[in-house]
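Right after this note come the structures.
Across the two complexes that follow, chain A remains constant while its partner is chain B and subsequently chain C.
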Partner chain A sequence: MNFLQSLTDGISVAAILVIVAMGFAITFGVMKVINLAHGEFIMIGAYTAYVFVSLLKMPFVVALIGAFLVSALVGMLVEYTVIKRLYGRTLDTLLATLGISIILQQLARLIFGVSTKSVSTPMTGSLKLGTVVIPNYRLFIILLSVILVGITLFILFRTNFGMKLRSVSMNRSICEVLGINTAKIDTLTFAYGSGLAGVAGAVLAPIRGISSTMGIEYLTDAFMVVVMGGVGSIAGTALGSALIGEFKQVVAFFSTEVSASILLFILVILVLRFKPEGLFKVERR
Partner chain B sequence: MKKTLAICLTAALLMLLVSACSSGGSSKEGEIKVGVLFSLSGPTSIVEKGMANAALMAIEEINASGGVNGEKLVPIQEDYASDPAAAATKAQKLILNDKVIAIIGGLTSASRQAMLPVVEQNNSILIYPTTYEGLEYSKNIIYANSVANQQLEPIVPWLVENVGKRVFFVGNDYVFPVEANNQVRVMLQRLGGEVVGEEYVPIGTTEFSSVLNKIKSAQPDFVFSTLIADSVPAFYNQYHDYGLDSKKIPIASPSATEAEIAGVSPAAAEGNISFFAYFQNLDTPENKKFVEAYRSKYGNEPIHTMMEASYNAVYLLKAALEKAGSNRSTENILNSFIGLELQAPQGKIKVAENNHLWLIPRIARLNAEGQFEIVKEFDAPIEPQPWSELLYPGHEKPWEK
Partner chain C sequence: MRKFLLSSEKLIGVPLVLFLFCVPLFFNAFQVNLMGKFIIFALLAISLDLVWGYAGLLSIGHAVFFGLGGYIIALSYTFQNGTPSFMKRFGIEEIPVFMQPLTNIPTAFILGLIIPAVVAALVGFFILKSRVTGVYFSLITLIMAALFQMIVINLQAYTGGFNGLMGLPRLPLFGKPFSLTTFYYIVLFVTIAVYFFAKALTRSHFGKVLMSIRENEERTGFLGYDVSNYKIVIFTISGLIAGLAGMLYVSMNGFVGPSDVGIALSMSVILWVAIGGRGTLMGAVVGAIGINYLSNSLSESFPEIWYLLVGIVMVLVVMFLPDGVYGSFKKWLESRNASA
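Presenting the complex of A and B:
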């Protein structure tokens, strides 16, 4: 069997994790909101891709942008109507977002019915390097994850909005004193995080089926990545994803899928015990 | 403002409570209450919503054509939200509060096993419409779909003859895949076949690159998949992405129904094989009528074997009640089930003395449009063996006591 293949697969799994977790990391890190409806924003993105690609026969790129916009809009709405009213009340936000996730799931079921939906892979074929095979679509996912991390870093560190966002995450009250409209920053941040989740959904749609409950498993993934990588750092999210992706593939290579999952959870628990701030958290005053 | 809202909410809650209480109690003259207990929310509701729909449709049909000897069936529907523990409490509620004559419901073995003690203790009836692994007999449960030996016994020899002898097992990590794989392994040994790999993934897994990597290096003739729910479309789609050709190395599955295949893109679906007693594309007059009725009532959803079995469950109950006549004791109704025959959408089915069904398994292959085409239909019904003779020769038969 081919160990190099496992390492390469690990990269593509990591790329999927990055795309899935980044939106979660941003809302968690900046707004301190644990968004239990994150998976449902992924689902919204996936259904948007289904509407654009399978029903309207539009190119996949349109679906990616559409998924971002639709999820971002729904995110904005949710932030404005619910989450805005619960800042600083972690437990209440948890319950509220859990409720929202159930509402969104049932809405999806009302609109699209109960059966699984499919989106055809936008690119078939694969790249062969010696014994290693990488499906073209997985290459695209790896590329897209790099682009999305790049865009997010650019927004965070090179734009006015990003600067405000970072300062709000460091000290909310000082920002308010300085005249930054924190409410607006929150809404936009949540919308961006939800939009990223939407892109994740659109990207995932062709490699799995689309169902109203698909978001649940990604919530756990996103959570683990953020726990491993450290809250509030994009680099941490990327490194956390890489670590988890490779860890799972390598362990699965030597043993089985189930033991890979178990060992991964043990790893996460160990990290939580000995480095509760995450593996890649940069110290900040 | 907040106070008014709180008062309104409390009032609404109270009203709900009152109405919930008053709906219980004994049934009116000329009405027979039937419990319909499926998950309408939670992960398994994707499959169970359709099962509930099919059962309700059968009840409506029966009532429209005169009911059970003039008495109307009244469905009492409950949602156990994909939670086996809730299935037990809801079953108890249906039996004790609503006094239903029987419950139709359950999907996973966990849900059935949670309901089993409740149904036995209260001496009621459960009709369970899902294909399952066997190893169980309760005199209070009618198992209204195929048990593992019926799907596997005729199919494995067919696969070895028509597809090949080297098999790779992929399944979710729970009881059905392990039990089914054990049976297939024994059959393969007898037929000179070989298991070249065996992988179990946690339920809900949708990332299969490492498994596919192992399949590629093992080079099987076909993959035997006992994956369920979200894992099915993910595995089939990625199988195709990773360059495995289902037309040469098909995935054969006793668990991938029309509902799950709907999530597979047609290109990835083509060539793969499933085996069940029922497929939506079966060409019988009863099935045409069933599919048409379902479509006009609930829209264009894929129809699968668990739905058909839920539909049959109601008709079996009707027949049993008619046979039982005026003696509506649980014992008499349960005895009336044995030997019942029904012209179902899948064809003729018959209740065996072990409360399982005699039925005919079919093999279907997915075509380029992602639709099942029947490639093989066996001539005679297969005997249901909860403890398959192959794995448990001479196992005691609790129903003979």
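Presenting the complex of A and C:
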């Protein structure tokens, strides 16, 4: 392992993080809902990939799309049955999503059992640049996350839905006065955020074990990204992901993974204390 | 004829305490030990209710303070027989300098109260002084729980790692460990004492300011109260109580491991308080003892279904019974008494 290798590994870690954190940040930014079950939507995506690829022997691309759809559907269901009824009660939504995360974990355990599942890597081979080795699958992840960021930006800034979504995040009551169906926007936003988490889960499936509790570490990482990058900015989310992904890899290279996590935690607390609007927020006024 | 108007607290609390007092007389050692642990969980639930129910701060990392207290006293017990074997395996022949104070059990006991309180105060100082809202506090405490569990597992040389610390005695403060029955009653008395302390605290001026912060933080601030200081103080007190609960727990349990300190336990405490009813103290106690009692009898036969049920009940309680089971009962009784 050399230092450059750690740096490039950091990029692919960051790429997965972007996909996870974007969904988390959008639901938080628009709906002011902290979704503690976000990690479980990753898990749903990963299990979907397992069903499609390992059980049904379908190509990996189908699994990616399937993971998005399944997670988005479950997300829609959750939003429609529970979260919609708790608006304005932020701490209660936190609690409700906590309950939902327990339910989803137990359902996964009931359906798939306790043993860790795996998905074979859809592509082998790797790219060698001097001493640095990048597996092709990692390249694919990086490419995919760039595409997903592009799609999200397109939806946010070039579609009618995106315009409504941005206006709801700025002023909900004015939007309602203007006749925008905010309930529908919320449901779709939550579904899209969950769907992104699902894609992240499918992407993760070939490179790690799939278990009912795999989501929690990504939830905490996604939150740290949101703290670093500020709420409601895709660029901030991307930069925050890059920072955290690289930070973890680089510190782990010089010391251990544990000290990387401890340092990161301290960093996040300091940012919250002294720059609560995030590191990359440009003052607009 | 004059009607007796019983408060819900007495109606539930008195029979509960009477029952808990009789447990060592009628049940076997295993059940006494189990009930003792449930009482300690009630103590932990009280500590969470103080910050969550009264100050509106949902901590998802309360097991950290519990675990800090627990590990401090557990390490101290282990050090009584010289350098523990898990340290020797990593080539540490002598107890490291920063752990030297733990070789004395009474010192360790005091540290087990102080260190969780200091950690709570530090986290509180950085998060609660900031402009960010309550959800950030919740998530930071969540990350703290994940991190603490990771530290405990990975610093195997100092914590025993995954295997945890085993064969711990029942609080040998004065040389000899207590018998099970004596220790059970100590736990019961400590919990009752802390309950009344917490009750007095919430009825004091301090407690009233906390509740007004919960209801309307901005307005309380405008009235001239330094809101964040109040929150930091209650979080520190809560951390101290949780540390105490952790120390009692490992002494009762005889074992402490990473699963006793992480996210899972933190979420369980939230569950007990939410289902019992926050902001009433008695609700936390009823929730902790009731759910653990049920979970113990039901989870053996259907573990998966049980946890699924717990999750569903939690969502239903949040949606339809925000005061929790005890809290709703209390309200119902109060309205009945008012009309009688």
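What we mean here is this: the second predicted complex is superposed on the first by the 280 of 285 C-alpha atoms of A that agree within 3 Å, B and C clash if a C-alpha of one lies under 4 Å from a C-alpha of the other, contacts with A are read in each partner's own complex, and residues count from 1 in each chain.
Assume a contact is a pair of C-beta atoms (placed from the backbone, for glycine too) under 8 Å apart; a residue touches a chain by one contact, two chains touch by 3 or more.
Keep in mind that what you see is a predicted model, and the values were worked out from it rather than measured.
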Simultaneous placement of chain C and chain B on chain A, clash or fit | clash
Looking at the overlay, what does A:43 touch: chain B (first), chain C (second), both, or neither?
-> neither
Would you check which partner chain A:209 touches, where first means chain B only, second means chain C only, and both and neither mean what they say?
-> first
Quick one: classify A:6 as touching chain B (first), chain C (second), both or neither.
-> first
Touched partner set for A:120, first chain B, second chain C, both or neither = first
Which of chain B and chain C A:95 touches, first, second, both or neither = second
Between chain B (first) and chain C (second), which, if any, makes contact with A:238: first, second, both or neither?
-> neither
Examine A:110 and indicate which partner it touches, taking first as chain B and second as chain C; both and neither are also allowed.
-> second
Looking at the overlay, what does A:258 touch: chain B (first), chain C (second), both, or neither?
-> both
With the two complexes superposed on chain A, say which partner A:85 touches: chain B (first), chain C (second), both, or neither.
-> second
Looking at 23-31, 167-175 or 221-229, which bit of chain B clashes with chain C?
-> 167-175
Shared chain A surface residues [contacts with chain B and with chain C] = 102, 105-106, 109, 216-217, 256-258, 261
As the complex stands, chain B meets chain A at residues 41-43, 45-47, 49-50, 173, 199-202, 204-207, 209-211, 213-214, 216-217, 230, 232-234, 237-238, 240-243, 259-260, 262-268, 299, 301-302, 370
Parts of chain A lying in touch with chain B, wherever the complex brings them together | 1-2, 5-6, 9, 12-13, 16, 102, 105-106, 109, 113-121, 124, 126, 133, 135, 137-138, 204, 206-214, 216-217, 248-249, 252-253, 256-258, 260-261
Mind pulling up the chain C residues that touch chain A in the complex?
-> 56, 58, 60, 123, 126-127, 129-136, 138-140, 142-144, 146-147, 150-151, 154-155, 263, 267, 270, 274, 304-305, 307-308, 310-315, 318-319, 322
Would you pull the chain A residues touching chain C in the complex into a rising list?
-> 34, 36, 82, 85-86, 90-92, 94-96, 98-103, 105-107, 109-110, 216-217, 219-220, 223-224, 227, 256-258, 261-262, 265, 268-270, 272-274, 276
